[in-house]
Structures are given as structure tokens and as C-alpha cells.
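Each of the two complexes below includes subunit A, the first together with subunit B, the second together with subunit C.
And then the complex of A and B:
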């Protein structure tokens, strides 16, 4: 039995609908913003990134006695293909999991998108950009920034869930208890998220640094073309 | 690395993770599920409305062998997500502006 997302019945109908509205608005913004991130090279990469997030989400790793965690993937996807496209990658995964794999309640889809696609990308990618602004622009520091961003993104998703629970949980458990338990275990899961994110970002940086959206400032000097050359042409790659 | 080779490699990694490695994943409840059960916030949980879906619970219905059933479901999932996501992204992509009177006709 593998059921890793918020099911139906945790959150009441009005708050589920409100979360659905937040998710629709967020995905709408992402659909508009992603046009600027996607081109002939990044569109296939984004599809493959979504597929990778799906695969990695199947790999529950043990975090404490009798508890496991799995990748959420928002920070990873945002660093690889851009924040708007990253939101769409995770949303596609959540939609397919809900529709085909009976994972994540259909009435909870808005909750799941809000917590695992929007909150992770906002917090994770936001932190990643802030860190890169102050850190040296080397591969090692990009990997370090992706680790730190991913660590924080998972408890951020837990906080988002707790807020939604506080607004519309169907049970009377105290919000403080839910917050403490959710944030506690998700700090641990965040370490796994961070390891997977940093290893994946480092691997892509090692072979094709030009394909890492979040590190594109870092490699820009390599793309300088002589003045007068056809500026719109892609440099050929062997 | 050639970009096509990179894409093929990236896909193969996902297929191996979902198709093979997933069998060895922890079967303990995940953080949310565990907290929900421990604290009792799941007492009004409802069954998934599509729980009898042919791929429900990440297995292919009718395939008895757990390793094969789960692996197959994972591979199907990777393919479906790649097609749905990749298709969406391909349609949305910014078309490269044509590079003008280029001599390169190929």
C-alpha cells in the first residue's frame, strides 16, 4: 500500500475548494511564466524532469522508526528547468498520480499542488536564488545551495499543510500538535530531499551545465559569441 | 555530452528507478501518513474514488508478481508523465526565431 499524498477527507470541502482555487491560480501563473523558460532544448528536458520526479517519488526512504519519506521534487525541478516550469512538472506528476495511481485524493488535488508544487518551489527556489546571489558561482556552491534550498522546502510544505489543516481540518486534533509532528518528521525527510536534489543537480552540472536553469548565470561567460556573428543562432554542440 | 545522449540517459535513469529500484523502497508510511495516523487526523479519511483503477497503489491489476507489477506500474507512470508533461511543454515552448536568410538549409 503506497499512498503518499493527502487523501480525501483530511480537509473539509470549503477549504479544499479554496486550496483548489489557489492551485488553479498558481498553475495559471506558471503556465504564463513557463513560456519564457521553455524552448526547443528545455521543453524535452522539462518533460524528462517531470518523469524523473515521478520515478523518485516512488522511492520511499526510511527516516525514523516506522516512517519513510520521499522526494517532493519542487526545488529540484525549479533549479533544473526554471521555477514556473518546475511548478508545472510537479503538478503534472500529482495529477497523474491522482488520476491513474489512486494516490492523492481528487478533492485534495488543490491541497497537494499548493503544498508540494507551489510552496516547495516558492520557498526552495527563492532560497536557492538568494544563496547564489551571495555565494561564489562555482559548481560546488551551486550544489550546496541546492542542498540547503531543498532541505528547507520540505518543512515549508509541511507548514503549508498545517496551515491548511488549521483552516479546514476535519478532525479536532490541536494545530500545535499537528505542526510539531509534521515539521519534525519533515525536517528529517528534507535531508533526503536535499541529498537527491544536490546529487542530481551536480550530475547534470558535470555533464551539461548549460542545461541547469538555476545556474545559467554561472556559465554565461562560456556562451559569449564574437560580435557581428549571427546572434540568434544557437552555438553548435557536438 | 551530446544532448540526445543526455536525454536518453536521463530517461533511462528514471525508468530504472521506477521500474527496478522502486521495489526496494521503504514500505513504511511516509511522514504525512504516519503523523496522520499517530495524531488521529485521518479518522475521516475517505477511500480514493479511483482506488480500483488498473494502476491503483502503484501496481498493475492482474499481475501477481509484486516485483513485476510494481515495476511495470512505475515504467508506465514514467512514460505517461513524460508524454503528458513533455507534450504540454513542447506545445508551450518558445519557437526559436528563424535566423533570417541563413545559408544553412539543413
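And then the complex of A and C:
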């Protein structure tokens, strides 16, 4: 179960260029937002997070006998480092995969960024924040919210791809069939993605809660309590 | 982390293609792939002509054909997809070797295979003749925002470090008897991913402080320039110009 980056020639030239324009606009917004989130720390932190996403995509997870899936990481990155930086990280990973590893066509870069960076983060992170607003602010619920966000974000990317395919697909496979196949497969991939995302967010939250951007309002400020005031923390008298 | 470690994708040679400034090569490859994508799929000969053009570039750059062939496996997933297409596409059916296949599906499969493969080979040639560092300088010259190229630079520079970290975690898990068999392994693997994120991010924090202490203020100093002369642009334009002739011919001859 490997995600296929869209190759050259799958989407016709005009729609590829239009998707490129959407990607440029989206990444432009993300650039301004990331500078607000991280200031002059943007380059090293987003760069290392991009390296992390790139490495994490190499880790294969056994799904069922014989098949394995791997992380796409859009929602995970957005929850950990913020939506703008998340978009930048995934976009840079896609750019380098296209430019260096020939994974995903150069003319399809706009399509790939629009579906896998923009749509994934928009839907995944949006849903995550909405859920956190209504759920109790505990680690278990944050993990649950990241599960739900990731499970929806992967089929959302498939839906975005299907829309682009409907506008400019070069093959004669009906849109209905493409939608059914894409969304069907990606619901399965989404479940694996969601499991990994939820456990990862939960384990980071346990160690460095300040590094989970999406749940940063959960951190309680340190309190100073006088020792022994309520008898709970009595200093030992030896 | 010293300089001079060429990337494993780079094939060091002293050829005219290697010497071209990176921005010229990027524009040439992009224009070439766009022309390929815009070619009507029924003109089989045009795609043969494009392949010959790429072969000429590979020969000039002295990139061995074996290297290209080995890296082409990246396109296996969409080859598999292309083979499915004649079975699921609409339109008139034709009988090939006793199988009822969709004619337009066959054309669609050919379209994706031919154009996708030409795109993959063009990208492979670009990466084989240009060091990654120079590629980034090239996209910066093409007005890519500096922040993007900086992020990409860090990703390249620390990609191997982070991947090696992941490898050490795998060894540590294996030496403790862990084997990923089914879904229950997710808990362990996802904890590794969490630890990997923490180590990467904290490394990023240290790198940032080290840079600040050396005077970093959000911009990278340009150590050297990769300006291109008009002669170099003309040389790089040879590939897309030849391809444009093929494309024009493909549209006019029917």
C-alpha cells in the first residue's frame, strides 16, 4: 500500500498549471504564517521537521498479512509544529522528492502539493482544532482527536485528487470509478495513518507537551505552592 | 558533516551538461516535460523522438544507461496502475490476446506510461548531473522564496542524520527481540516515530542556537553566485527547443 505521487501526463497541462497556481498561493500563505509561528527559527526547525517527515515515510507498518503501509505525515506534522509550518514541511518534502528522486512528476508538483499538503493539512488540522474545542483537554482526548483528524484527512486528499482528475484527467476511466477506487483505498490507508498519528502525538505529549503545537493551550503554567500548606506535600522532619 | 560529500544521486563527471548552471538545467527540464505532457498521445513517433533527445543528453553527460535504468524503478507503482487501466476504462472494447480491453483505456495507459517515464528520466538526468546543493541555489535564482530553499537545505543536510537515527532505533528494537508482525506493532513503532520527532526537533533547536551564535539573522549569506551567461542559457535551451520542434510537428502532422 504505497501512496503514488501523481506522475507527469496523468493530468493535462492546463489543469496542472492551474493546480500549480493554487499550490503557489497556498505555500505563499503558509510562508507568512510560518514566519509568524517561528520567526527566525523557521528555517532550521521546519527543515528538521521536513527531514523527520521524510524519514518517517520510510518506516513501514504492517497492516495485514503481507501488506504494509507507511506514514504520509501531513496531519501529524500540522498537529506537532502548526498548520503553516506543516504545509511548508510537506511541500518541501514533495518538492525534493520530485526534483531529486523523480518521485512525482515535475509538472504534477502543483497537483501533489494541493492534494497532499494543502488539502490534508486544511481538513486534518481544521477538524483537530474543532474537536479539541468541544472535547475535554486530556491526553487521551487529544490522541482521539488526532486519530479522527488523520482518519479523515487521507480520504480528503483522495477527494481533492478526484476533483482535479474530473477537471483534467487524461484517461478515460469514469470519475465515479476513480472516486470509488481512490477513496476506498485511502479510507484503509487513513486508518493506519490515524493509528500512528494518534500514538505518536500521545507519546510526544507525554514527554514534551510544549512541542505539540495543536494542543499548546493545554499546558498549565507552573504553580508555586508553599510546602505543607495543605498538608499534602509535607517536608520530612528528620 | 564536512563539505564535499557528494550526494549518492549525483554522478560526478566533467561534462558540458554538468557544467551548466543549475537554473538553466531546471528551466530546460521543466519546459521539456511540459512539452511532452502537451503532446497528443496518438503520435507514437513523437515520444520516440523525445526518448532519443534524452538519450543524447545522457550520452553528452556520460551518465551510464545502467544508472538510469536502476533508478527508473521509482515509477513501478504507476506502471502497475497503467496496466490496470485497459481493464477498467470505458469506451469501445478491442480484443488483444484473447482479452477484452478498452481501447481508450489502452491509449490512457500508454499516455501515462510514456509521459510519466519521459518525466522520470528527465528528472533522473537532472539529479545525476547537478549536486543537490546547486539545485537549491538554482531554484533560488529562479525566485523561489529564500525561506523555502533554506528549509530544503536543512532537510537535505540533516535528512541522512535523521534517517540514520531511525536506523539505530530499528537496530535497538531488533536487538530486544522486536519484530513487526501485525497491527499490534503499531504502538511500538509509533513511539519510535514520536521519539524521532523529539530528537529531530531538539536537534533543530540546537542548530538554530549554533547559527544565532554565529550571527544568523534569518538570511543565509550567499557564499558564491551561480550566475548564467546567455551562452549557457542558449546551450541549455537546446533540449527544450528540439523538443518544441517535435511537439509542433506532432500537432501539425496528423
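As a convention for this text, the second predicted complex is superposed on the first by the 195 of 238 C-alpha atoms of A that agree within 3 Å, B and C clash if a C-alpha of one lies under 4 Å from a C-alpha of the other, contacts with A are read in each partner's own complex, and residues count from 1 in each chain.
Assume contacts are C-beta pairs under 8 Å (C-beta built on N, C-alpha and C of every residue); 3 or more make two chains touch, one makes a residue touch a chain.
Every value quoted in this text rests on a predicted model; they were computed, and no experiment measured them.
Q: Report for A:36: first if it touches subunit B alone, second if subunit C alone, otherwise both or neither.
A: The first partner, subunit B, only.
Q: For A:195, is the partner it touches subunit B (first), subunit C (second), both, or none of the two (neither)?
A: In the superposition, A:195 touches subunit C alone.
Q: Have a look at where A:186 lands relative to subunit B and subunit C in the superposition and call it first, second, both or neither.
A: It touches subunit B, and subunit C stays clear.
Q: Could you look at A:13 and tell me whether it touches subunit B, subunit C, both or neither (first, second, both, neither)?
A: Only subunit C is touched by A:13; subunit B is not.
Q: According to the stated criteria, A:161 is in contact with first (subunit B), second (subunit C), both, or neither; which is it?
A: first
Q: Considering only touches as defined above, state whether A:211 meets subunit B (first), subunit C (second), both or neither.
A: both
Q: Look at A:92 in the shared chain and tell me whether it touches subunit B only, subunit C only, both, or neither; answer first, second, both or neither.
A: both
Q: Which partner chains sit in contact with A:56 here, subunit B, subunit C, both or neither? Use first/second/both/neither.
A: In the superposition, A:56 contacts both subunit B and subunit C.
Q: Do any residues of subunit A touch both subunit B and subunit C, and if so, which are they?
A: In the superposed arrangement, which is not itself an observed complex, subunit A uses residues 2, 4, 7-10, 31, 34-35, 39-52, 54-56, 58-63, 88-89, 92-93, 95-96, 98-103, 105-106, 170-171, 173, 177, 207-208, 211 for both subunit B and subunit C.
Q: Given the complex with subunit C, which residues does subunit A contribute to the contact?
A: Answer in residue numbers: 2, 4, 7-10, 12-13, 16, 27-28, 31, 34-35, 39-52, 54-56, 58-65, 71, 76, 80-81, 88-89, 91-93, 95-96, 98-103, 105-107, 170-174, 177, 192, 195-196, 198-204, 207-208, 211.
Q: Inside the complex, what are the residues of subunit B that reach subunit A?
A: Within the complex, subunit B contacts subunit A at residues 1-3, 6-7, 10-11, 13-15, 17-18, 21-22, 25-36, 38-53, 55-58, 73-74, 77-90, 92-94, 96-97, 99-100, 102.
Q: What residues of subunit A sit close enough to touch subunit B in their complex?
A: Answer in residue numbers: 1-10, 31, 34-36, 38-56, 58-63, 66-70, 85, 88-89, 92-93, 95-103, 105-106, 158, 161, 165, 169-171, 173, 177-178, 181-182, 185-186, 188-189, 207-208, 211, 230, 232-234, 237-238.
Q: Under the definition above, what is the set of subunit C residues touching subunit A in their complex?
A: Going by the criterion above, the answer is residues 7, 9, 26, 29-30, 33-34, 36-38, 41, 71, 74-75, 77-78, 81, 85, 88-91, 102, 104-105, 107-109, 111-112, 114-116, 118-124, 126-127, 132, 135, 139, 145, 147-148, 150-159, 161-163, 165-166, 180-183, 185-187, 189-198, 200-201, 203-205, 207-208, 211-212, 216-218, 220.
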